[in-house]
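As written, the chain order gives the labels A, B, C, D and E, with residue 1 at the start of each chain.
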Amino acid sequence: MFIAEVIGNVWGTRKHPSLEKRRLLLVRAIDPMTEKPLGEAQMAVDGGVGSGPGSVVLVIDEGGSARQILKDKEAPIRAVVCGIVDSVSMGGKTKRYA
Amino acid sequence: MFIAEVIGNVWGTRKHPSLEKRRLLLVRAIDPMTEKPLGEAQMAVDGGVGSGPGSVVLVIDEGGSARQILKDKEAPIRAVVCGIVDSVSMGGKTKRYA
Amino acid sequence: MFIAEVIGNVWGTRKHPSLEKRRLLLVRAIDPMTEKPLGEAQMAVDGGVGSGPGSVVLVIDEGGSARQILKDKEAPIRAVVCGIVDSVSMGGKTKRYA
Amino acid sequence: MFIAEVIGNVWGTRKHPSLEKRRLLLVRAIDPMTEKPLGEAQMAVDGGVGSGPGSVVLVIDEGGSARQILKDKEAPIRAVVCGIVDSVSMGGKTKRYA
Amino acid sequence: MFIAEVIGNVWGTRKHPSLEKRRLLLVRAIDPMTEKPLGEAQMAVDGGVGSGPGSVVLVIDEGGSARQILKDKEAPIRAVVCGIVDSVSMGGKTKRYA
């Protein structure tokens, strides 16, 4: 599980049926205290928490978990946004996102 | 799941039976806004979306998902092309591929 | 499985129900002899060992294992703190944490 | 799945029973057009395609797939050689291995 | 699966019950011909092959395999020592460990 910022959307008309009703997001891992981007953008699906570009979110990156969250045993999906981050505390400091 | 460009084909006559009816593709992750290649080429199988060299695609890289898409519980495959990308938007800009 | 230090907490109100009763931790892998941080912080859930910021812990990073520890077949969680490190020995030296 | 060259063999007498009848290979990922090595050597098991040192092969690196190929639900194996590469084409060029 | 050297032990009293009867080892991947360390130390559990500090071993790093070797469907373990390396051959040279 990692903390990421939602940075974009992806659209495609030809895709697997399980993906048709899903919002495809581009997310990028960030350092939760400094918001510094870590690594490249990757794709994720919103897991019912209502995230969109600008949201700071929890992403779970494992197929079994993704299928549990989406309640779809056949979803060909590995990374799902499963929470919205309100705040993070580290070393006595707190960073608020909400 | 990541966005990639299909960059080549691979052929082999001696291979596992489940691979025999599959088109073996070489894909490389790209930055979806700049098309800059990210990392090395890897192999994937077309999951019925009709991709080929030059296509910009969604690749899912997890065994359970791959077997769902291919409707083959025994397929020894981990990465499958599961969609064709039409467009990507990020930071107010949109990149169109189709 | 790796050795990490718990370095922070994460809070969010909108999240998947399985996460609601869990303490969300930020952990960072460390070299167990020198305590040097290795790589970026990642998220984990306490698996009933009572860890918190400052604890040096064992983290298991695999979905099937996480669900076993939490005794929740539906938990969308991949990394769980499954032990507290008392000491580590390497090359004839011992480092004590407890 | 990736393309690799078989570069060596590994022997051990004390090992898990499922490994006893398997040929243990050292493989290293290569760029399929230039044969440039990518990353470190890793271990794989031949999945019935008759590979050996010098072979250019397809390696699948996922536990579920490995157990399917080996037809052994209990095999503690993650990487299996599942095909021999005959040729690769990319950007209008073709590299032949067989 | 990779080749590693066992470089240390880890102890902890508060841990998940499945870990209680296991010997926790620190292993580090090595180049099997030169013994050069590759990457950071990680944790593994001995899978009944009797390894300890100084042993050159085969490590399997996948949850399903780990649970097969340990014959414990609930073990929250991902990396297990599943063999002792006797020798490795590459490029006409042989390196003996036993």
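In the analysis below, a residue touches a chain if its C-beta (ideal position, glycine included) is under 8 Å from a C-beta of that chain, and two chains touch if they have at least 3 such contacts.
Keep in mind that what you see is a predicted model, and the values were worked out from it rather than measured.
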Task = State which chains count as neighbours of chain B and simultaneously of chain C.
result = A
Query = Along touching chains only, what is the step distance from chain C to chain D?
reply = 2
Key: Rigid-body rotation angle, chain E and chain D, from Cα fit (steps of 5°)   = 70
Message = How many angstrom lie between the centres of chain B and chain E, each centre taken as the mean Cα position?
response = 33
Key: Intercentroid distance (Cα basis), chain B paired with chain A, Å   = 21
Ask   = Got the chain A residues that touch at least 2 other chains?
value = 63-64
Request  = Answer with line, ring, star, complete or other to describe the graph linking chains that touch.
outcome  = ring
Message = From the touch relation defined up front, give the order of chains around the ring, starting at chain A and going on to chain C.
response = A, C, E, D, B
Query = For chain B, which residues are in contact with chain A within the complex?
reply = 1-3, 29, 31-33, 38, 47-50, 58, 60-66, 68-69, 80, 82-91, 98
Task = State the interface residues of chain B toward chain D in the complex, per the touch definition above.
result = 7-16, 18-19, 24, 26, 40-45, 53, 63-64, 67, 74-79
